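Heads up, the next two complexes both have subunit A, just with different partners, subunit B and then subunit C.
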Partner chain A sequence: MTDSDKGQPLVEIRDLRIEGRSDEDWNPIIKGVDLTLHKGEVLGLIGESGAGKSTLGLAAMGFARDGVRISGGSVMFDGIDLLAASAETKRKLVGKRIAYVAQSAAASFNPAHKLIDQHAEAPINHGTATKAEAEQDGMELYRRLRLPNPDEIGFRYPHQVSGGQLQRAMTAMAMSCRPDLIIFDEPTTALDVTTQIEVLAAIRDVVEQFGTAAIYITHDLAVVAQMADRIKVLLRGEEVEENETREMLSNPKEEYTRSLWAVRSFERPEKPPVPTDATPVVSVQNVTAAYGKVQVLHDVSFDIHAGRTVAVVGESGSGKSTTARVITGLLPPKAGQVELDGQILPPDYRKRSKEQLRQVQMIYQMADTALNPRKTIGEIIGRPVQFYMGLTGRKKRDRVADLLDQIELPAETYLDRLPSELSGGQKQRIGIARALAAEPKFIICDEVTSALDQLVAEGILRLLARLQDELNLAYMFITHDLATVKAIADEVVVMKDGEVMEQGSKAQMFTPPHHPYTDLLLSSVPEMDPDWLTNLLAERGRDNIGDAASDKID
Partner chain B sequence: MTALLYILAALVILLALGWLARFVGQKATGNKPLFRDMPLAVAFGYVLGAAIVIAGIWYYFQPVTTEQGTPDAGVTFFHWAVHGFILAAIAAFLFRLLGRHVGTAGSKKLFRHMPLTAAFGILVIILYAFTAIFAGVLAPYGQEEVFAQVNALPGGDASVGGNPDHPLGTDQIGRDLMSRLIYGAQNTVGIAFATTLIAFLLGGSLGFLAATIQGWLDQVLSRVVDVLMAIPSLIFALLLMTIASAWAGSQQWLLTVYMVVIIAVIDSTRVFRLARAVGMNIVVMDYIEAAKLRGEGLGYLIFREILPNATAPLLAEFGLRFCFVFLTIAALSFLGVGIQPPLADWGTMVRDLAQFINFAAFSPLTAALPIMAAGAIALLTVAVNFVVDWMLQKSSGLKE
Partner chain C sequence: MNAVLKIILQRLALGVLTLFIVSIVIFLAVNMLPGDFAEAILGQGATPEAVAAIRRDLGLDQPLVVRYWDWLSGVLQGDLGNSFAQANFSAFVGSESGGNAGVAQQIAPRFANTMFLAGVTACIAVPLAVGLGVLAALYRNSAFDKAANVFTLSSISSPEFFLAYVLILFLAVLNPMLPSLSNIYPDMGIAERLQKTLLPALTLTLVVTAHMMRMTRAAIINLLASPYIEMARLKGVKPLRIITHHALPNALAPIINVIALNLAYLITGVVVVEVVFVYPGIGQLFVDSVKIRDIPVVQACCLIFAAAYILLNLLADILSILSNPRLRHKR
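Showing the complex of A and B:
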């Protein structure tokens, strides 16, 4: 298709400039971006966090968040200038002709109303349908999005359906007035891979069936490759390049785009097998644990040896983090035990000695909540140094400087900063330094890279690998991202519903034959190939992907 | 009935005027977004506000004395209020200007973003604190000194019943009101401050303890607090004060100590609830878990990890709680069981001079006697609320 036979573009953004307020100044967020979108076309917007993807997506609706202002340029939607349009005109467009799907459906639905009532709100307010018609249409859309029990699911409350279902219900809600444009803001980022694939397939079907134009915002290249006709890459508010999806994937022009494409190249060399008589640093033995009466772990056993990384993979709710809580002593198990260096650890952390506590450290997923926002970096890292090693004054300062040096942050600049003055990657490095300060043998890494951009995440993985080689640390690496597993793991434990499905060395895990569940997990990870989803659906059929398939395995 | 109809008709006319004003605005500015996107309700609000301001100006320029030669009390009081308001606004503005140019970089920045109300609040609080601390130096006479002239009117004008020696007048037994107001700052504000401090020490530490330990301790403490909160606080305080006054016997200072303890305990229940709720939100954070797993003790957890993150809501609550305590003490004193004479106290002063309010219609100056003490109470309460509002808005991160 050439530009001439597509006709008038649906969305035309020219030289858009957006500023955000921080303290007393207005800082540019978007620095003059152009965007053209035709009817029925899907545009992928990718970039790191802070690149201005979401801000640009919202600006395509003529909307700016609080503390953000559109300072220049124009946004035309189907011949209407959205920046000059009256509130009345915009009210008539938004929800009816332009719709928005947010990242977290769980946070965006009103928990006090049933799904179908929220679905029907837009058509009723815009006068396009009566309540009965809107509800009927909602059920039809639920059916097309392959939600289970489409006639009945709408009458549930948001907390009564799963995350992936909620995300699909939200897509259905966006479709309720058959809009010309839908903006998807990271709709699958918060979902497991097996759930993500279902949502992706559903969104793609619906967008194709109704000929809706879409802007698909994500930081995951493999996802955008499945969804978009064209891809636009953003970096710090500026466009890096834009091209057709296939062209972009096979032949990126800019250096930055190439670095994004190459990010998953890190992989550690395989280590020699552990001698059979070696004592594992941590040994989880037949652990069964429960929250109250609900049993969440069933007979879980695995060993972690010095200098090795064991990756524990599985969907959310599979018991990965619960296993970590049992090892740290936060959740005493109902049966079974945890050994450290061949010695049984007391089940409750309050009964463990200072020395035992020191040996087991933890790095958290959300660095924001893992660092006390009111303490300086020096205090955060200095506390375990003082607490365990008894160092004070000059010696403590030197040790903290050493630790900052190990995590590749210059001590003099960062010592007196607060966590809020650091970037996400830097915060995660501080979390690592705090764990190292205790000089442990064993560190639990709980989804440490999943909240980070890919480039930053790779830096963290390389840092962890280097520290392991230098200090002979043992890691338990909790993750749902198989690319991370490939990069860093020596051994893999696959968990589902609180049970270990399969365990073995990394090489074993990534070569067939697999356990059916491992196979499902592996096949659900999107690949950079734009035909991957199409091929997978053709090969397996709609009913053998995602939750539907996962439920069949038991 | 007709008055109601008049008001209704006036509102309808204002609504029409609002529509008209918006229409004219749209035409005159060439459909600027401000007028174009203005809902009718907002336009009505603007017109109503303008009408009230115009009515106020008209009323301000009415003659102060009626045709019969007596002073018109309504106009006089309105004059006082307007003058006070303008004076307060100017003082706040100047204070904020001062703050923007004097001090450290941090304090200058603070003042640059400060609304006028907050500047006013801070100024008033500083003045009250200054008065309370230096009461002995500032007051012209002692708080218990009795003079010959009783019921001297404020203003110091001998021709209308004042006395130049007592610029704010004297009370029924001839004590200088200005000195008593100044000493009242020390007594009332000082005792209220001490009471609030005790309430926070008690309620805050127990609340954090309940949030950190949870389990049965939390249950026991929370249920005890529930029971205490179920009884209306003023009536409960009155009841306990009656018992306490029997215990205290002739020792008046002991009664004041009992009052501080009673009000502190009653108010600590509210602080407990807040501290527990705030603490619960902080305790679930990963950095608390990290500290627990490090093997830190309870004291470190509460004072080094939780408290620094709870200061903003607690400080705001401290301001509000101070107002409530202060008003409770004034109310108890007004009812005769609070701060005991001869100590000067604003609540007691209002009670003692209360009957003069009956003269408001004939002699505004006479009515001013109880109003001064009541105004001192109201002013501090308003000032503290202004500051608390500003602090809450700052900590909630709202920009616009």
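Showing the complex of A and C:
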């Protein structure tokens, strides 16, 4: 089909320029992007963080966040010039003809009102329906989106509904006035894989049923492959390329696009099996733990050997991080014990010796919040060097420089910088250097790559792998991302609801037959194949994906 | 709902405990005041015998702990004791003490007047402050916002008596709409009572509005960057409705707390305004009683003030809890 076959485009953005304010200066965020979207079409916008995807998506609604301004170009929506239109004209348009689905439904639903009231707000205020009609329609949409108890769930408050359900309720809310266009801004990024698949299926269904056009913003290629007719790749506010989804996946033209595609190729060679008589560095033995009266870990056991990575996989709430807290002594277990090199560790970290504390180090998910913003990099890394190794003065400085060298950051440039002057990936490297400073045997990596873009995450994974080979470190790698597991793990522990479902070598884990839950997790990870979701739904049926399937396993 | 009930009961118990501790502090503080009632009432001509007789009569010669116990057990049975000043001393008159001597009888009408003034002020000030705060948040950084801020801030930074005289000048002297004296009597009709109370109420409104308005504005603006406010904007909700319907319900807790503090101030701290308008409230009674060391009245007043603070804060806590749907509706 050519453009002329489709008639007038629904959205036409020409040479759009958007600036963001930092201190006194206006810096370009979007540097002249064109975008055309026809009725009923789904466009995928993809790029790394900072590429300007969300800004562009909001601009398609004629909206700019505080501190952001549209400085040039044009945005036409169905013949209306959104940049010239008055605030009142735009207000009458958004919610009614253009709707928005935000990344975090939990934050984007008002905690003070019931779901159905928030759902009905737009139709009532835009005068498209009465309260009763809007509520009735809401229940109907909840049913179509396969929410449990569709007649009742709307009368709950947001905090009474799970994340995946909220995301679907938000999609229903966007549908409430049957808009011509919906902007989906990373709607599944915050969700677990098994929940994500359910939301994806639901979104695709309603978009198809109502012939709604959509702009689908994400950083996940596999997700966009399922959802979009066409894909546009953005890099630092500029378009890299745009093409039909299949063409884009099979035949990317630009170097940058190819590099995005290539990320998933990193995989470490398999290591020889651990000798059966070797003493594990860390051995978690029959650990049961609770927060107050709520039991969160049930009889968890696994071993981690020197030079090996054990990936602990599971969805949010499965007890991965709690296990880490037990190992570090932050949460003394109710039963069971943790051994380090065959020695039982005191359950409470306050009772552990300095030597025991030194051996177990941790790297965190949010490097941003894990580094003291007022200390220089030299001080941040120097602190554990002095505390654990007793080095001061010249020796301490040399050691810090060595460590920076190990994480591939030149010491002379970075020693005196503050964390705020580093990128996300660099901050995470500092977190690694700080852990290494104690010269530990064992490091817990808690979702260390999940806040990073794929290319940056890949760099971190390669660094961790190299350090492991050089220093014979043992890693416990907490993650919910199975691609990361494939890349770095030697052994895998699958957790669900505080219990270990399955454990074994990576090869075992990724070859059938699987434990049913492992199978569900594996099959829920989107693949690059644009037919993947369609095929999966045909194969398993609607009731064997997501929460519905997860609940059946016990 | 059970969890909320539990929290409320906990706070209530804590409030009672606080009141008990406060009662000790009050008793000690009042009894540490220099001079005593006997010397104050007898004045220059006090002979040691007369002073001792009066002290014995009033039980002032008893040890502190005994007096505290007598007072506390009396208060717990609803008996606030007898006012020294109103008592007839057997030593002088030769008859049994009696008549209108109860502290409770003395305080009750004054306290009712104070509550009436506080109530009228609250009815004007709270809606005004919250309304101004909402509008200031809606039109933030506009001329209206700045004008509202300047006006309320200058009224809170002026002394109360000055505000009172300015209002008297404009509303009673230059335009005689309201009486400048607020001498109200028990048998007055409600309309006349209101008219007489209006000037002091307006003065107090000027004093308390700024604090509440600025908190309302700040609490709302604080929420305007939330994703759910952006969502409301992107649903095409009208700006005023975004503030009143989406921001305000989530900003209630801090606003309620500031309102409670200001209401407590209205009950306990309005002596100056009462003096200026000759309003027969509890503040004046309190100051007079301190002057003549009328210990039972002073203690009772202090206890009432403390109870007002504790109760209003307790109420604010409870309302804050109830305004949070997470606490009202469990998962």
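Here is the rule we use: the second predicted complex is superposed on the first by the 554 of 554 C-alpha atoms of A that agree within 3 Å, B and C clash if a C-alpha of one lies under 4 Å from a C-alpha of the other, contacts with A are read in each partner's own complex, and residues count from 1 in each chain.
Everything that follows uses one rule, which is that a contact is a pair of C-beta atoms (placed from the backbone, for glycine too) under 8 Å apart; a residue touches a chain by one contact, two chains touch by 3 or more.
Because the structure is predicted, anything quoted here is derived from the model rather than measured.
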Just subunit B (first), just subunit C (second), both, or neither: which does A:T369 touch?
-> first
Once the shared chain is lined up, is A:F210 touching subunit B (first), subunit C (second), both, or neither of them?
-> neither
Regarding the shared-chain residue A:W532, is it in contact with subunit B (first), subunit C (second), both, or neither?
-> neither
Looking at the overlay, what does A:Y349 touch: subunit B (first), subunit C (second), both, or neither?
-> first
Return first, second, both or neither, reflecting whether A:A102 touches subunit B, subunit C, both chains, or no partner chain.
-> second
Would you check which partner chain A:D66 touches, where first means subunit B only, second means subunit C only, and both and neither mean what they say?
-> both
Of the two partner chains, subunit B (first) and subunit C (second), which one does A:Y256 touch, if any: first, second, both, or neither?
-> neither
Check whether A:A438 is in contact with subunit B, with subunit C, with both or with neither, and answer first, second, both or neither.
-> first
Footprint overlap on subunit A, where subunit B in one structure and subunit C in the other make contact | 66
Spell out the part of subunit A that touches subunit B in their complex, as residue ranges.
-> 21, 24, 66-67, 86-88, 328-330, 349, 352, 354, 357, 360, 362, 364, 366, 369-375, 383-384, 387-388, 434, 438
Within their complex, subunit B touches subunit A through residues 31, 33, 36-37, 109, 112-113, 285-287, 289-290, 292-296, 305, 308-309, 399-400
Complex contact set, residues of subunit A against subunit C = 58, 61, 63, 65-66, 91-96, 99-100, 102, 104, 107-113, 121-122, 125-126, 156-157, 159-160, 173
Would you pull the subunit C residues touching subunit A in the complex into a rising list?
-> 225-228, 230-238, 241, 245-246, 249-250, 323, 325-326, 329, 331
